[in-house]
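Common to both upcoming complexes is chain A, partnered first by chain B, then by chain C.
Up next, the complex of A and B:
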């Protein structure tokens, strides 16, 4: 178990805010951490890793990492950290990048195989694609057999195909190494596929903590198919009205009645919903 | 997904609202739609589709009723779940599925081989595919 209860003053985007988070994590859990930028996600990971100071307590499997009286230095915390920008040693080969962390050739060979990097082990990072670099960075983070793997938007710079592949690899590695994983992510499909629990931060406070479905499924009453969009126009046709709404990168049309049209103003943010029974699904 | 091949017989248009009538054998189906694809014309062959949860079933003839589409079909299979019931029917050359509550199926005492009327609202039908273009208007 990980017990964490920390406080820290932060320089927020608009004003100073306080990061105040307390939660427990079971061993082997895969947690997604989400929230707007500046909500305290990265700071929380850095405090866990010991890269930043904070008040409060962190206890990992009965070992105190942070308390009033003592702080365990980062190198003594069994943590693997993966950043969005890879942070590889450019002057070392792929294999050397792994061995730098831990001189364990067997484990390095195993991780290189799992991440399909064996053929590239003697190359230098600048000869690799973004996806390959991030694989090296993930493999390197696992060389210490960490208790906790911290991932700060590890896949957000990659194209959708590579993202999908690395999501599957992350899940395989998480299971094989039995690590407790905390990943910052904004992508709902990524969170749904990987995480068993989602913690959402806003202005330094936890506002949601639940399963991906509880936190991410946007519902309106009993309607399960729901999107937020901007109302662009309402056009009268015959005795009905057609509302044109922008959702994400596309426009949709919805038929509404006169009474509904009266309550709506163009430009406002609206929610479109329908019952889960109504939409149809087909190959795109 | 339920689909029926039909041929468009008329399209009435008001701005971007359309009422489309199409024929299969001697039955006429009516549907409502907003903007239509440009390739859709009178005489086009289309595949219409209806979600199984949007089909109502009726046993006796009913009088004045706002549901535009009434199709005579025959039950060929009944699959009862714990709460819902899936009824498969044969309608002309199409096989369609209706999903209704188990209570409704039980109270109607539906049986395989029985004749049944399918009721479908014009707003619940959509065009899934245009199979061939019609005449140029």
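Up next, the complex of A and C:
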């Protein structure tokens, strides 16, 4: 079990805010941390890792990591941290990056195999693609057999296919190593696929804590479809108004009434929903 | 001309290079922890330390030389202490020259190292801490190998700068042949005595050596950029 209850003053985007978070995590849970940028997600991870100080308490399996009297340095916490920018040791080959953490050749070979990096093990990070670097970073974080694996938006810089592949790898590794994983992510499909629990932060406070279904699924009542998107443009076509909405990677056109055209503003985040018909799903 | 070349006395060059080698070595040991500290600290004293470190760049060598000479004098506290405790005479001696050169060349060692450390990805250092490595191991296994160009620049520029110093050396060391008469001072003496042939030969050698050394640094750095994308 991990018990965490921390407070820290943050320099927010607009004003100073306080990060106040308290929650417990069961062993082996996969938690997704979401929230707008500047809501304190990365800071929360860094506090858990011991890279930033804070007030409060962190207790991991009866071991005190943070309390009023003492802070356990990051070196002594059994954590793996995957940075958003990979942060590989540029002067070492891929294999050396892993072995630097722990001189365990068998484990390194196994992790390289799992992440399909065996053929690249003698290369330097500079010669790898973004997806490969991120795999090295994940493998490196697991070299210490951490109790907690912390991932700071690990897949956000990758293209959708690579994301998909790495999501599966992450899930495999999480299960095999039995770590408790906390991952910052913005992508609902990624969260749904990987996480068993979602914690959402806003201005340093937890506003949602539940299963991905409870937190992410936004249809209510009899709604069949409900999408959140950005309103890009409202066009007048003859007598009607057409709104262009970006939903995920796709653009859709929706006919709207004159009244709606007046109240909606371009750039707004809007919800698009329908009740009247049954959706059909087919191969794309 | 050939006769002049045969008669050339190389001792001043040897002293210059000996002085520069020792200075670069001593300064590396002193400046490494200092540069690391400056790159990592958020302390309010940082600007003060930085300003003091950079002083030798802006001060006229004569000012620096004067103060050092004053401190080294046998009747000053420091000079007397060294003479009594170690039997070392600092003023007008090679040991004194090394100490003076270390002050004079300090910024040339500290600044490239510091900016090298500051340009490192902070997350990379943190990844090492999270991996359980101490600050000491992180400095030597992660930070230093990743700033090789800065490291080489710091050492070579310190070396070259010490070879090229004149004012401080002249004031603190004088021009004692075989002891404190370095190449730059030797050239000055030759010009004073209107021995232009020797001055030409000495100067040409200095230009050549300096050029080759700097060329070597730039070639190495270009290779590093290609290899590691540093």
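Going forward, the second predicted complex is superposed on the first by the 235 of 284 C-alpha atoms of A that agree within 3 Å, B and C clash if a C-alpha of one lies under 4 Å from a C-alpha of the other, contacts with A are read in each partner's own complex, and residues count from 1 in each chain.
By our rule, a residue touches a chain if its C-beta (ideal position, glycine included) is under 8 Å from a C-beta of that chain, and two chains touch if they have at least 3 such contacts.
Because the structure is a prediction, the values reported are computed rather than measured.
Chemist: For A:255, decide between first (touching chain B), second (touching chain C), both and neither.
Modeler: After superposition on chain A, A:255 lies in contact with chain B alone.
Chemist: Kindly classify A:101 by the partners it touches after superposition: chain B alone (first), chain C alone (second), both, or neither?
Modeler: second
Chemist: Kindly classify A:266 by the partners it touches after superposition: chain B alone (first), chain C alone (second), both, or neither?
Modeler: Neither partner.
Chemist: Between chain B (first) and chain C (second), which does A:240 come into contact with in this model arrangement: first, second, both, or neither?
Modeler: A:240 sits against chain B, while chain C stays out of touch.
Chemist: Name the contact category of A:156: first (chain B only), second (chain C only), both, or neither.
Modeler: So A:156 meets neither chain B nor chain C here.
Chemist: According to the stated criteria, A:75 is in contact with first (chain B), second (chain C), both, or neither; which is it?
Modeler: Only chain C is touched by A:75; chain B is not.
Chemist: Does chain A have more residues touched by chain B or by chain C?
Modeler: C
Chemist: Just which bits of chain A does chain B share with chain C as contact spots?
Modeler: After superposing on chain A, no chain A residue contacts both chain B and chain C.
Chemist: Show which residues of chain A lie in contact with chain B when the two form their complex.
Modeler: Residues 235, 237-238, 240, 242, 253, 255, 277-278, 280 of chain A touch chain B in their complex.
Chemist: Contact residues on chain A for chain C in the complex?
Modeler: 49-51, 73-77, 79-81, 83, 85, 87-91, 100-102, 124, 126, 140-141, 143-144
Chemist: State the interface residues of chain B toward chain A in the complex, per the touch definition above.
Modeler: Against chain A, chain B makes touches at 1, 14-17, 34-35, 49, 51, 53, 123, 126.
Chemist: What residues of chain C sit close enough to touch chain A in their complex?
Modeler: 121, 123-124, 126-134, 141-142, 145-146, 148, 227-230
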